[in-house]
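The chains carry the letters A, B, C and D, assigned in the order they are written, with residues numbered from 1 in each.
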Amino acid sequence: MRTRAQYREGLSKMNKNLYFNGGMIDRLDPLQEGALNVMGLTFDAAWDPASKDLCTATSHITGETINRFNHIHQNAEDLHKKQDMTRFMVNKVGQCIQRCMGIDASNAIHAVSFEAQKSPKAKTAYHDNWLKWLERFQREDLVASCAQTDVKGERMKRPAEQDDPDMYVHVVEERSDGIVVRGCKVHISEASISDEILVVPNRALQKGEEAYALAFAVPSDYEGVKQIVHFHNYRKRDTYDRGIEYGYTDSYVIFDDCFIPWERVFLCGETQHGGMAALLFALFHRHSYSGCKPAMLDYVIGMGALAAEINGIEKTPHVREKLSKLIMTGELGYAAGYTASALSKPEVYMPGLGIVPYGPGSYIPNSIYANVGRCLTGEAVFHEQEILCDIAGGMPATFPYENDLTNPEIKNLLEKYLNRNPKIPIEEQIKFWMNFIDFGLSGSAPATLYGAYHGGGSPIMEQIAITSQYDMESKKDIVRAIAGMKPRSKKK
Amino acid sequence: MRTRAQYREGLSKMNKNLYFNGGMIDRLDPLQEGALNVMGLTFDAAWDPASKDLCTATSHITGETINRFNHIHQNAEDLHKKQDMTRFMVNKVGQCIQRCMGIDASNAIHAVSFEAQKSPKAKTAYHDNWLKWLERFQREDLVASCAQTDVKGERMKRPAEQDDPDMYVHVVEERSDGIVVRGCKVHISEASISDEILVVPNRALQKGEEAYALAFAVPSDYEGVKQIVHFHNYRKRDTYDRGIEYGYTDSYVIFDDCFIPWERVFLCGETQHGGMAALLFALFHRHSYSGCKPAMLDYVIGMGALAAEINGIEKTPHVREKLSKLIMTGELGYAAGYTASALSKPEVYMPGLGIVPYGPGSYIPNSIYANVGRCLTGEAVFHEQEILCDIAGGMPATFPYENDLTNPEIKNLLEKYLNRNPKIPIEEQIKFWMNFIDFGLSGSAPATLYGAYHGGGSPIMEQIAITSQYDMESKKDIVRAIAGMKPRSKKK
Amino acid sequence: MRTRAQYREGLSKMNKNLYFNGGMIDRLDPLQEGALNVMGLTFDAAWDPASKDLCTATSHITGETINRFNHIHQNAEDLHKKQDMTRFMVNKVGQCIQRCMGIDASNAIHAVSFEAQKSPKAKTAYHDNWLKWLERFQREDLVASCAQTDVKGERMKRPAEQDDPDMYVHVVEERSDGIVVRGCKVHISEASISDEILVVPNRALQKGEEAYALAFAVPSDYEGVKQIVHFHNYRKRDTYDRGIEYGYTDSYVIFDDCFIPWERVFLCGETQHGGMAALLFALFHRHSYSGCKPAMLDYVIGMGALAAEINGIEKTPHVREKLSKLIMTGELGYAAGYTASALSKPEVYMPGLGIVPYGPGSYIPNSIYANVGRCLTGEAVFHEQEILCDIAGGMPATFPYENDLTNPEIKNLLEKYLNRNPKIPIEEQIKFWMNFIDFGLSGSAPATLYGAYHGGGSPIMEQIAITSQYDMESKKDIVRAIAGMKPRSKKK
Amino acid sequence: MRTRAQYREGLSKMNKNLYFNGGMIDRLDPLQEGALNVMGLTFDAAWDPASKDLCTATSHITGETINRFNHIHQNAEDLHKKQDMTRFMVNKVGQCIQRCMGIDASNAIHAVSFEAQKSPKAKTAYHDNWLKWLERFQREDLVASCAQTDVKGERMKRPAEQDDPDMYVHVVEERSDGIVVRGCKVHISEASISDEILVVPNRALQKGEEAYALAFAVPSDYEGVKQIVHFHNYRKRDTYDRGIEYGYTDSYVIFDDCFIPWERVFLCGETQHGGMAALLFALFHRHSYSGCKPAMLDYVIGMGALAAEINGIEKTPHVREKLSKLIMTGELGYAAGYTASALSKPEVYMPGLGIVPYGPGSYIPNSIYANVGRCLTGEAVFHEQEILCDIAGGMPATFPYENDLTNPEIKNLLEKYLNRNPKIPIEEQIKFWMNFIDFGLSGSAPATLYGAYHGGGSPIMEQIAITSQYDMESKKDIVRAIAGMKPRSKKK
């Protein structure tokens, strides 16, 4: 396993392919520091005796101790631990811990490449390729981001129906030594601070869409890969230091006729498995949400409770009711993930076939519970901000600038008038509100909401997953039996 | 274990103390048949090879096979099974299975009497008394209802502050051979078809309220006990038979200076344990809701899906969205209960002390998860009816009377005009709508909603439980650490 | 104008065509009494000096004083008065006042027949026929119900696409002296206590659906008309008398090859005007909701406030919040109707044409405001019951039967234990809860909700009306101007 | 009336008392430009022939034509016009038009000073002073902001109970020539670009709080007044110009022992009128919301509709439903304001007295309707952002920076991959999304939400106003009459 320093050193050697606001930047550019600092926590935690057990695992291929973020789940316990590790890590920064993309994509490709390799028309030994990549991924303790979301062009048209065929990443040429791919993946979190990028399809695919049934890995500074980077950083502080400096980054990842050698290709043309790769990454990622969203709610609850305490309204019934709503969302989301872990199996739901075995035996969370949890917590995020706004009152919207607070001409006046709770030192109150502003009222705050709402699949995607996979006929049979109607379901 | 017939025979021998609409009725009065039929299912299931494993357990006191509804949970698995048994049984009738009151009260008193007996001022050997009662309860396979809800008089006054001290059941006299109690418990489900009534306090108690810290058992036809019974039955059918006849009953149970011998007293004067008895019964009962509410949602989902199918709108997006909401409520409720079972321990939350060991080792569900689940599913019931109303359209509100449907003069016309789906026989459609009306538009329907909303504790009670028991300080510390504030929590 | 007695006398002479639960009944059958009593109020109010001004109008065709329920709106003031009369009358009974169907259908047909008569292919002088009918309607002070809702068969198919062409009422034969119609209208409120039935189409119509573009009037006991009647009555009281006895009735109205002479035909074959008739009746009726729903909310608010008072929780913050929600719904609904009246014009929205003049100058409420009001108040009804349930607690769900309350053996005990507020006599409390049960927990209660939700058009119908009629392009232009985009709207 | 240029010239002459981020700035500092530009629109519109009628009025004191923003409402029509002017002006900028504070405070003080002057203990001729100030305000066409919100210190303590008596602005010394005031008003919109500041109390007051019953005016650069300014500006654009540059500013306005001569004092010590001033400013301001919130919803609707059009999902049912919700909120808010105007009177609700005449005859909007409208639209703002987020998808959260879009190396690639609708030029799409980001995802966006939620009174303040002023007893009487209970209300 690497240390935070080794991880940074690795990045420092990479080729320059990051575009930012008209120019180009290095991997260790100050703009990247916030994100690097967050990712660094995942290395620290694996060495820290207090969190080591939770944050490492034993590789099922090498038997060595690896960072749990690079692990393939071998049983329900692994999924429980992934959920708890995620909650634990997110609690350190109040937001996304950034490294779940890699674990979720790996687990999806692990199963999909295994099944696809069985296909008589398989273009290469997908799973063998994958295991080779995975072994290095685990051994070198790499960070991978996952590129799933295509730009999608006209939304009501399928990939092959688009006027411009590049609206979804696809193969434009097949060669003896590899494939050439073109297209653009957007909103790719941490691509600019990752070692590798795993690419999976964006949706269920059908006949005629073989070129889009594609999974592969590239180094994130690879030739033919251009990243246009977006930062979600926070205003620097001069005086009132944060407890931790953090930030986020995501990229448009453009594959500009990028050549991928066969040994890095894990799927190429099998539409059914392509759809399954899309579905499984989403499923593993929704399960990750069952760790991170409860943790973000821990943060929101703490924020609301502290705001109420400072405002001196902690005991009022309407605050209690609002805090209970936040707790409900967080803990129901956790319970959904817990149950999804406990009921995990090496099985998937296959449209038309129901639940069937899938993959080499690695564990897949229960889809219904992973989806109901993600949907609940994803839909709640704007309302959470409303609750914080309600409890906090208007103060954070017009809070003085940091240098006003230290301007000797007005410092005393401001501290006098900002004070709402004589039991809490005014400097603590100020730090609290500045943090509240970071979270809810900064330029990065709304993008965080968009991520929490759409990331891992918008609520409507979970609704579709839930209703299409749910055993509706057995529910109708319950009614039929009680109503005295004839049973119709063919299920046992 | 008894059979359904033996259970009925037992009731037939009881004294007459049931008041109904101006007169008195027997236990086997036709009005009671619906409820008796539902309770009968709990006896059938224990004998039925298909459900035996789920619906029986091994008594931890006698080692004998008993009905699981009379079992004390020995481990997390027992709580998982109780949840699943409840869902399974409720699926047979679409509504309350009626026998959870006994199991939930028993588990609460089991722990409370154990702790109270340690008290130096204990009036009698509470837990020894209890074990004796429990042994007979299990051996004779009795049905117990639980009387918790007091009339409460003026709501803003505590028990001892009321103008009329009888607004909460209390001891009015202590004798050498027992105690005399007075008061009235209301909404006592199944009291009129139960063998025994377990009585527990209604709320947390404080010094000066010793007379209200009271738990005991009486036969439900006991001298000094008067029941005023309310029925929730359905209109008899002449032609379109239901698949099952069911009904519900609840009682005002009045203790009119009723004498209770010491051997039936399990708590008498220990206010702290009195509050704990109230809390624990509620907690076990909220856990039961994690079985019954998902099952009722199975029913609602099936109802909505069938209504949509008959209306030919099963595939429309707004129906899909509505069904997904129902599924989310049900499965989040189930997941909460599942997690509450999995994290169960012989521990309780004690105000001021936090989580502490409690009772003789029997298992108690995690309170946070039991509460968030109950609150979610309790708050949802009116909205569920709205969804059904939306999907069904107006038809069930003005559906023809059964004898119009068989009146030869208009039968053909009605069948012609009622038909909405040529693929489903009109008689099936008719049976479906009549069942829909039973559930949503009969005279019993609104009372069912009130039960589902307030039963086991109104949503506001769960909100109070959640916020008072949640470790809010540790959440604040997460914020403090990130904000750069000083830690304040004393917790490790 | 007639009196209540004259109205009843008229009904007593009608032919028997009401089917009920296997047999037939007279117009003055005791089952009809509740509904007759409500309708009687509309006659009383027109004579009562206190309400005469509000409840009468001057006929624009005869200049005579008529009941306002039979009036054609001549200006915005008439619409304001119709809204206020409706609120005033509904406040007398807490529910539907029953006579708005006639006024709303009349106003729709008044405009539509005027336009349709201009059609070169008009089958008869529609508007002349109409004026003749209207003159008698006003002069004889008749009660009309409106038959709009067809059974609709398969919901995803249009009228002419149905397997059975009778799923929407249509012309099956045209004769020199009139037409023969067939079909069935459902949920027709007050048809069994009305003098006349006005029939209008159910939806927008297109070419090929001429047979369905049909408006006419028949006496409600007409040959070929069969009514299957449904009652929404309340349990009789023996002791605790209500302040008013009320009830409701609706009918399946079957036109079994019913012959309609030309002079009673107001539209026959003009599809565009057929759609407009459907739309206009809905629009006038949604405007009526802006009177009745605020009035029903007055009732719900009063109910909630009294329940809170009896429970002694009137001042608690959560009750205040809930009451404020009820007030908001009612008064926003009223404001929407008020604004719809104030902005009324002799104009309609015509798909593709926008707002155009329509009809002979009678006033039509603004459609956007009428729709947003109806949608808000329609969607709210289940939540209103939830609020009442929350404030009331469980008591009404298991309230003792009336004859238990008078049974000398238990009367005193029950009165002792039911008492929650020493300042309010127990008999008043009992009457209150019995009334609460009538409204929220009786067998008629859920049907009332279905009516309030779907009546006048389900919420989704209003959403469609709102979005299809709203000037969306002008809103886009506001954005374009601020964004620096090019304007695109062609509107001025 | 002044022009935009004259207004700016006036500001240029003011004393420097604006603090910003550690230093001080001038009134015409570039940071102020956005806000100045918005305020400038209110001058332009009064001269523009197209809007002159709407945006000017005839002064009731001088008979001269004045900017309507400086007018005292003389009748319901004035209130209708104020609402419509507000909607019209806000449509030009998509957000707050900034000048309503002055009109709302003026109308409140106009009535309050009239009543207070009648007080035998009046310290000065409040209304005479006011009329003199008003005359100049109208003649010189000044901009006034209103300082109402005190810092409030410990929220559960009243003004006079605070440890630090300065937590609410109050009189610290009374002199023969005037008073000395101390305290701090926060969130004072446009104080830094206003000519004058009107100060009113923040809440209802009681005996012992005379020092806080205070209304006066000061020039905004007055001696003893310090402003700490906060800006809500948008990122400058290099290439993709906005249609209008706008911005917002608000100030902490500190009264640091500021001397106010008597002729500028309009209230000083009359607690009942102090509370009325607080209430009336809030009421007029909530009425202003009935113009601005519908206008902001016009903007949100246009934004959602354009996003849907660009995304090609304009016709999907879920988008239609969401747009209909937005329309409902906006138009119900408008209808509430319309009705509040139409039912306006020179009357107020006085606790304990009910509705009583107040002020010199100027018109006051109906309080119930003004409050229900503000509450509805205030509570909706976070949900509006959720709807926009749902329709837009993730694109705006990670949109490329402006200079990436013009970087020749990647411009073509970005334009290719950003394109979602071949019918709309890509530059238009880009401008749209950049505007969308300004509104929903910029650093100013969340503060705008906080303003829309809390400004003019948080939702809970409207709930309190609604429930405390509503005639609840008459609603109870409706129930009593129907239930057969005895009437209790003493109202006629």
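Throughout what follows, a residue touches a chain if its C-beta (ideal position, glycine included) is under 8 Å from a C-beta of that chain, and two chains touch if they have at least 3 such contacts.
What you are looking at is a predicted structure, and each value in this text was computed from that prediction instead of being measured.
Between chain A and chain D the CA-based rotation angle works out to 180°, given as a multiple of 5.
Distance from the centre of chain D peaks at B, each centre being the average of the chain's Cα atoms. Centroids of chain A and chain B (each the mean of its C-alpha atoms) stand 40 Å apart.
For this pair, chain A with chain C, the centres built from the Cα atoms lie 51 Å apart. Residue positions of chain A touching 2 or more other chains: 318, 321, 460. Of all residues in chain A, only 91-94, 240-244, 298-299, 301-303, 305-306, 309, 320-321, 323-324, 327-328, 331-332, 334-336, 338-340, 342, 368-369, 372-373, 375-376, 428, 431-432, 434-435, 460, 462-464, 466-467, 470, 472, 475-486 touch chain B in the complex they form. Across the complex, chain D meets chain B through its residues 316-318, 321. The part of chain D that touches chain A in the complex is made up of residues 19-23, 149, 151-156, 163-164, 166-167, 184, 186-187, 226, 228, 230, 250, 252, 254, 256, 311-313, 318, 381-383, 385-386, 389-390, 393-404, 406-407, 409-410, 413-414, 416-422, 440-443, 445-447, 449-451, 453-455, 458-460.
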